[in-house]
Amino acid sequence: MIIILKENAGKNECDSLISMLNEKGVKVSGINGVNHNILGLVGDTSKLDIELINAQPVVERVQRVQEPYKACNRQFHPDDTVVDAGGKKIGGGHVQIIAGPCSVESEEQIISTAEAVKKAGATMLRGGAFKPRTSPYSFQGLHGEGIKLLLKAKKATGLPIVTEIMSAEHLDLFADVDVIQVGARNMQNFELLKQLGHSDKPVLLKRGLANTMEELLMSAEYIMSGGNNNVILCERGIRTFETYTRNTLDISAVPLLKQRSHLPVVVDPSHATGIVSLVEPLSRAAIAVGADALEIEVHCNPSKALSDGAQQLKPEQFEKMMENLVPMIEFCGKKLG
Amino acid sequence: MIIILKENAGKNECDSLISMLNEKGVKVSGINGVNHNILGLVGDTSKLDIELINAQPVVERVQRVQEPYKACNRQFHPDDTVVDAGGKKIGGGHVQIIAGPCSVESEEQIISTAEAVKKAGATMLRGGAFKPRTSPYSFQGLHGEGIKLLLKAKKATGLPIVTEIMSAEHLDLFADVDVIQVGARNMQNFELLKQLGHSDKPVLLKRGLANTMEELLMSAEYIMSGGNNNVILCERGIRTFETYTRNTLDISAVPLLKQRSHLPVVVDPSHATGIVSLVEPLSRAAIAVGADALEIEVHCNPSKALSDGAQQLKPEQFEKMMENLVPMIEFCGKKLG
Amino acid sequence: MIIILKENAGKNECDSLISMLNEKGVKVSGINGVNHNILGLVGDTSKLDIELINAQPVVERVQRVQEPYKACNRQFHPDDTVVDAGGKKIGGGHVQIIAGPCSVESEEQIISTAEAVKKAGATMLRGGAFKPRTSPYSFQGLHGEGIKLLLKAKKATGLPIVTEIMSAEHLDLFADVDVIQVGARNMQNFELLKQLGHSDKPVLLKRGLANTMEELLMSAEYIMSGGNNNVILCERGIRTFETYTRNTLDISAVPLLKQRSHLPVVVDPSHATGIVSLVEPLSRAAIAVGADALEIEVHCNPSKALSDGAQQLKPEQFEKMMENLVPMIEFCGKKLG
Amino acid sequence: MIIILKENAGKNECDSLISMLNEKGVKVSGINGVNHNILGLVGDTSKLDIELINAQPVVERVQRVQEPYKACNRQFHPDDTVVDAGGKKIGGGHVQIIAGPCSVESEEQIISTAEAVKKAGATMLRGGAFKPRTSPYSFQGLHGEGIKLLLKAKKATGLPIVTEIMSAEHLDLFADVDVIQVGARNMQNFELLKQLGHSDKPVLLKRGLANTMEELLMSAEYIMSGGNNNVILCERGIRTFETYTRNTLDISAVPLLKQRSHLPVVVDPSHATGIVSLVEPLSRAAIAVGADALEIEVHCNPSKALSDGAQQLKPEQFEKMMENLVPMIEFCGKKLG
């Protein structure tokens, strides 16, 4: 950590800052500049509160040298983490295709969709039981009943299931779920993250609409610092000024998160743009940059879907896409499933 | 609501769309264009699911004419809502100054700060007991103990208190709090909003970092549709590409939210920029555009603060600011307190 | 075009609006809603000024149905445009790799780099002679002299050259250049675009840092409406809140621009992130979604580069990347060169 | 300037970096950290190329301590700059109201509007002769003829005139103009800025839609480093994700630019939102935070305007606004005109 002092910083005030820092167990070296003096801190600065230092009267600015995350940092864990998700591996050269409807709507709907996506090559099943909707007047999901239907679809097809949680109060309902998803709007719901840290279930953590990659990693750190290392990161598009697409898929996040962290990374091309015709090209791009899984919305009858109909593929569209995607996965030296 | 049909939309498909719409209780008029046909829907379209219509195969695009919010919409409630917050009025020509530390840290700290801000003219007290922090390694607040200390400060000074909730599970702890704050990161924590809708406590709802004004109003709608009309909106800066300030205060939101909605609007200039020297000018701007209250961070000793030290005013800075601000409030035809 | 009238719109005012529209050659059909009346315009609305209609006192809002661009619109030109760039084809199943230094610095530098990139498989040469730099104190390029050196490098290697123009006043200097590049900061320098419209040189038009795809297409329209159809679009990253990368590559722009327009699309992975280690993965993504060319910064000695050293590949890095990229181009059914 | 070295930086490479830096006239001090070594540079680092240092193989990151701008930096010029604009002072306790139409359309239109705004209290006249329009099919302005009409309006009313330039080629036409405006889309048209640096005319430099305050100051530096110190900064809204307003007015920019720079700052509330009803509240906010002038669009007949009708005030609206605004200017201790 580097501290840039104010121009007019007095000697006594600087000395008392240095004492305070020494008390916290770091050594301080100084450089005298023309306008500004600079302090370099040596030692474990990860426990120093950067805001506290920033608030000292003599401090102009503080610059971190080390990353603020540890548990998810590749520097300290060079090997890729591979998460076991109901028997399917996320990371480590595997590519999982997690497909299914936006919302679970009925037994018939979820089972027929599950069977259709399995037939087309999907390796895991997604479906929302708790739905975060902008409007209180929109369909909010089937809740506990929706999870029961997902478990029936799992039984029918063998596909492990991924579904979203919206409050720690509902955690008991997720006991038999294979992967618990934290949606973009809850990426910084820290109370929820803390509770998930005490579980050992795999958590698929979606990047928030306006959250930086560093904030995503810090949210992963919340879960991991509680003891749960089964964290899967997910890029699903960020909010920008562009209006042709619902969000802007930040494809650079895949290789960059993998450089900084050892956690697997998933891409959700359906939410990233909200446009059916872009799902296949973005899926290709995601595989090409090294994504460990794709999460894709497929619905037996999108024009009857209770949510997000316009971005869900029909089974026949998904099947056609998979025909093109599987050779690409293999070309990239990875293995489906 | 207007529906723009695809160029190649067949007659049968259009007819079945029109039937579906008629079944939902709206009348449909059509316009034949050169390339596109257009349907105009007449009747109460607020219960129609825009996504469902968008997902119909013949639909190119849907355009809403009515706003998607009702309870908070000024069109249906022309008069300003005035919220009673522990005896202080928010809205209706009053200006409340809600001051206090970022976090409650100790009895001595919160009581001395409360007394100092009261002496300088503050009319309500703020202080965080539950703190949403990016890093799990940062100070997380005193939780229930912090709320107890706030209540002691209220007893000592008579100032009504505002403090943030992070999970519906903690709602019982807020029984004696005057205003419950929902932070920017929880603006779309819909489970929390639903629970607050069943309370009758005033809720100060902060705009999320990357949320539009419409989404803010839809989140207010979640609370109000549950039966709680005591909602106060808060603009606290949005996330942009600018780096000199932590966030960008969207000052236009104040008059615009007041045009669209009847709810009172608060501005938080401390979080909006994270820079002490900008708190006074932005407070002036907020009063000038018609804000009903300001929320300002003040700490007895910012250089010892456990969070956000760099954006908290010292009591003497706050006092000086209030000396300039009170005449401005009166110039604008409003009344402090 | 659809016009939504104000609630209180009087009959006389509506009639005079309809007359005005009829005079402009469009037919008007009306729909009477509960709160709002709606007008649908039939005919060629591309010459109507949307702002003028918006400014009429009875108008609440105007919604376009047709796209505002014509010449570059795929609807009117279903076939892909293939641009001939000094004998190399951009579009139509070819992939061009345009490599070279950020700035032309000396004869030795540009020729040795040109030879190195050609050897590694590049099919065109890039290099800046006029450099748009944020600071007036940074290296501004060699100007006319730089273009002469590029032409020497072309002579030495046979690679067609791409270089940036910053003002129409310099157009004469570009007489022997193969492709004239318009940089992101000049995407809406409309005076420059108009001049380029009177040329017949291929123009590589980069998307501005904060410009929508529609604005990019409208800028292409400026060039094409002047008579020059040799326009190549380029996605090079947009400005967002993310700080780990310099810009955010909007990979969705490639397939979406190709759906809306018949023009070829290039990706610049070097400027998109400013990070050497991301150039290869993003190049793979660009090929996977269908880019017609890549523009990549390569410098013989990046640590001596006069601009953008940190994002330029060394020749050996570029060579290694090309070894991986060429099979991918072929896998995607395209042809290098 | 601070240089953070890579973890594995070898001694020889560090020594050669230090030699290179010494050759450029700066002294280097080092700090040995646990993982990273740090170099602090002492001396005049404003001529060092940060990109070049960043590109050195042993460098992890470079952090600037000094600001990259000098001529416009308040640190080196503590007193406010006051620009004389045709006899009117911009800065120094004066507030100028620059009003007029978006575009000059005819002699009758510009003279009647000029007379109307003067009567209402405006102190300068604005009007566009060269119009940067997104679409090539929109009205592009009257060019040289428009400037002649503005000069007639100046003669008729005595109001100094402000009008926009789009290319250095047109500079001669601006010989009698009082203030040359550089629009948001040309803020980084560096060739134009350089030419304006050789003039002595006041330049009103608008912040680009997606440009940071630092980039705005660097563009001012382009003009000033050419010898022209008569630069006026203008905040006119930035591009964000919000859709209710055309842009987001960054009101914090006013006090912040004035802290960092000695140049006067103007606010344009018309372009900032594109909504007539927000012009007055935002004008109040701008005065409250210390703006030195406002630029406001007023048109005698907005519903006939050839551009931007929806954001232009009618003379009677402007007059009513001025009645409220003048007392506010005086309350803030400033003087109109």
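Every chain is named by a letter (A, B, C and D) in the order it is written, and numbering of its residues begins at 1.
To be clear about the criterion, a residue touches a chain if its C-beta (ideal position, glycine included) is under 8 Å from a C-beta of that chain, and two chains touch if they have at least 3 such contacts.
From a predicted model like this one, the values you see are computed outputs, not experimental measurements.
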Result of counting contacting C-beta pairs for A-D and B-D, higher pair: B-D
Chain whose Cα centroid lies at the greatest distance from that of subunit A: D
Euclidean distance of C-alpha centroids - subunit A vs subunit D, Å: 39
Subunit C-subunit D separation of Cα centroids, rounded to whole Å: 26
Centre distance in Å when subunit B and subunit D are each reduced to the mean of their C-alpha atoms: 31
Multi-chain contact sites of subunit D, meaning residues that touch two or more partners: 210, 239-241, 243
In the complex, subunit A residues that touch subunit B: 46-47, 49, 51-52, 54-57, 68, 130, 132-139, 166-169, 185-186, 188-192, 194, 208-210, 215, 218, 221-222, 225-226, 239, 302-310, 312
Subunit A-facing residues of subunit C, complex: 210, 212-214, 238, 240-245, 248-252, 254-256, 259-260, 272-273, 275, 277-278, 281-282, 284-290, 327-328, 331
Subunit B contact footprint on subunit C (complex, rising order): 2, 4, 29, 31-36, 38, 40-44, 63, 65-66, 210, 239-241, 243
